[in-house]
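The next part holds the structures, each set out as structure tokens.
Two complexes, one shared chain (chain A), two partners (chain B, chain C).
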Partner chain A sequence: MTLATDLRQADFAAALLDPERPCPANLVAWNGSDPSARFAVYRNNVVFSLIEALADTFPVARRVVGTESFCSMAAAFVRGHPPHSCVLAQYGEAFPDFVADFVTHFAPAGELPYLADLCRIEMARVRAYHAADLDPVAPDAVNAALACGEDIADITLSLHPSLSVVESDYAVASLWAADQTDADADAMSWDRPESALILRDGLDVLVRPVNLGSARFVQAVQQGLSFGSAAAVAAHGRPAFDLSATLTMLVRHSALTAIHPPFREPS
Partner chain B sequence: MQATVTKLPATVLALALGAAFTSLPAAAQPADKEKCYGVALKGKNDCAAGPGTTCAGTSKADHQGNAWSYVAKGSCEKTASKTSPTGFGKLESFKEKKA
Partner chain C sequence: MPDALGAMPVSGLPARVGLGLKPQHFRDVLDACPDIGFFEIHAENYLVDGGPFHHFLGRIRERYPLSVHGVGLSIAAETPPDERHLDRLAALIERYQPAAFSEHLAWSGHGGRFFNDLLPVTYDSPTLDRVCAHIDRIQTRLRRQMLLENPATYVEFSTSTLSEAQFLTETLRRTGCGLLLDVSNVHVSCTNHGRDARAYLDALPLDRAGEIHLAGFAHDADAIGAPLLIDTHGTAIDQAVWELYAYVLARTGPMPTLIERDRDIPPLSALLAEAGRADALLATVAEPPGSRLPRLQGRIS
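Up next is the complex of A and B:
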């Protein structure tokens, strides 16, 4: 491509996202009419369709702040963060961080501090929905792990690719759940820390509130720590951490997908 | 990782792992899936929606006849689709009727 073409494309793209810019030069309508009105329609459709995509991905956030506020926040995001991929279902990865910043600067002080984390749950749900399938761990591998004695601390676990963790200072998993059931979210006490596991079990995307220990265990396993180290990290300073209950939840939702034997040779 | 973290005894680890599996219901088979056409909401189709579109999330209308979603096996032809000639999702792509 020539430099001239590059410049024209950059000019066109910038004008699409910025209504203050003039219609790009050298556009021609088929019937010789003024192209600026047509360009304005296209510009409007581009931004509107991206706002709609965000509204589809973050329905709970939209209900919490109201459609009008959501759309103005989304429009600001769209203009600053146009999509890099044609897959609109994945558009919005940067939206939660944008919301965190937006809320700090524009919301009345102290209002909606949980909104960004709520968006993180909603984005994680989309990722979980589109994540690859993977079968749960085979019984043989479980039996082998249980039979390896002291070495059980050195096995590593693999978790389902759909699984992710959202740690929050606020009860966002409960807020999200309240929205699903039409419960009165306003009456909820959201001002307490809560973490969430988001995962897909079969065809259903689930959001489960968990304590910080369980969240840290999952994160440690995802970082590749051994079973023993992950459990120790999660339990450290957190007597409420329940390893058995955490594993039971993971296994019940088919989220434990492999057990790898210790790397060192058995002595 | 902090150096002060205390290791859990191997027996605790083994008991927790064992308990997680003994509590598992016997038949936890993953559900079979089938491709189902005409039931995806706009922008939420799982894959390509015909000429001119090459990726997921591009279908232009609710229940587009050539856009498909994965659904649990056996449930496709029971899922309502307002554009389908039969009124339900189909296992092959179809030409939409006007909703």
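Up next is the complex of A and C:
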């Protein structure tokens, strides 16, 4: 009994994502019509609704490649990588890697080497939007910590859970920003490296172009390195790295959520 | 299993019109505070750690009763409900204290994959046993009665031995869960399977209904050109559905009624206009004698 039932839903499930498979054998229609035309509604619902979910998460990528190209790329992704969770806000984490592979094989997406990194920014935005709420440390506490002299090298910082970094060989943060303002992305010089910081400040998700030093500093802090070590990693080979500008930006966007150990004024 | 029919309250929602809460309407709702009975959310959209969804839902919950409607429990799946998903739902329910929790007579996942669609069920005895066991587990874990929604379907199974109305009636009787009567689904399924919608409704235990859903659908055709309606939630509510709704209200009296819209979301004002039409129908039905159900504590134990 259980086995027969298993086979039924397994059959149904397999045929949903594979248009080459026949529709399940035990389907009927009241009027004797071919049930495969009716089963097609389910196939269409599944693939189309998941394409819609991807289009919601990657609107800039959709505009850049055009809706038709985006849908064929997304349909291929949906069939090969259906979601594992019913929480669709998480769906698409594997899409940027899929796009990176896709663009090397298909035109016109093949003309868009930055597309995968653009998708990484969009996925990071959704993650930031839904990330946990955490209060920033008070600016006074930051200033006090900065004033503590040499001990500062040993402190560690906690950053807001919404914060992430996308490093790219292309100017993807600028491309993303150009899309928001309807600027002509074709006219942009995108063929230069750029990193992006993605974070939520209050209710708003921000995408900020940053230099590689700032990006590496944030990543090092996220890995748990001490302030001094993170600054050294960021500055290594990058004399232009500006630690105080990076810190100022993080504080201004409420991204610094804790200082360990908590700094106390000397009594 | 005890016969729980009629033994418990059916819903804690007010017998008024509610709207599905859409992110594009968050600010409009807080600014205008429209006079409606409740808001309904899809549970899975709010199973996120923080950010604007919780920010706005918290504020809206302070002003309105809430209905939590799940789409991912996959009640009719072969495997029991995912315990981690139940844990997350329990936390959401604890946080927002909704007046009702509902889910679908359908499955939406298999083998660790989620299909994001409500897939059809074989109406036979083993499936009935399984669905009832899953609902028992859900109601026990969530420590409250749930409402079960009748499905919109496009195919039937040659292996079914019960009618959909028999299957639903028996499920409600065995588990004590309430009925979320989706009137649009009744119209869609009855059209798609050549059934009489009013006869179908007459065969359901409407006294177990705790909420009504109304939504729009799209028109298609099957392989020989017979009408095939697709449950899209993407258009205004059809006249045929309004007429069925009036038929139901004449039998149930006033019912919490949701205007469901999940695609091509119009401005809030358009949904409020549809809510107004439902309100007018609600106003025409008096509370029938003997229908005063004990009002809602919404918890089983």
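Heads up, the rule we're going with is that the second predicted complex is superposed on the first by the 232 of 267 C-alpha atoms of A that agree within 3 Å, B and C clash if a C-alpha of one lies under 4 Å from a C-alpha of the other, contacts with A are read in each partner's own complex, and residues count from 1 in each chain.
Please note the rule applied: a residue touches a chain if its C-beta (ideal position, glycine included) is under 8 Å from a C-beta of that chain, and two chains touch if they have at least 3 such contacts.
It should be emphasised that the depicted structure is a prediction, and the values quoted were computed from it without experimental measurement.
In the superposed model, A:D56 lies in contact with chain B only, and not with chain C.
By the document's definition of touching, neither partner reaches A:C71: not chain B, not chain C. By the document's definition of touching, neither partner reaches A:V103: not chain B, not chain C. By the touch criterion stated above, A:I121 is placed in contact with neither chain B nor chain C. When the two structures are aligned on the shared chain, A:L243 is found in touch with chain B, with no touch to chain C. In the superposed model, A:V87 makes contact with both chain B and chain C.
Judged by the touch definition given at the top, the superposed model places A:N26 against chain C, while chain B stays out of reach.
Shared-chain residue A:F39: touches chain C; no touch with chain B.
Touch criterion met: A:H130 reaches chain B and chain C at once.
Chain A residues 53, 85-89, 130, 133, 203 lie at the interface with chain B in one structure and with chain C in the other.
Residue ranges of chain C in contact with chain A, taken from their complex: 44-45, 47-55, 71-72, 74, 77-78, 85, 107-117, 119-120, 122, 126-127, 130, 154-159, 192-195, 220, 222-224, 226, 228, 230.
For chain B in complex with chain A, the residues that touch the partner chain are 1-2, 4-8, 10, 12-21, 23-25, 28, 30-31, 33, 43-44, 54-58, 70-72. Those residues of chain A that touch chain C in the shared complex are 1-2, 5-6, 8-10, 12-13, 16, 26-39, 41-42, 45-46, 49-50, 53, 82-89, 128-134, 161-162, 200, 203.
Residues of chain A touching chain B in their complex: 52-53, 56, 85-90, 130, 133, 135-136, 139, 142, 145-146, 149-153, 202-203, 225, 227-229, 231-233, 235-236, 243-244, 247-248, 250-252, 254, 256.
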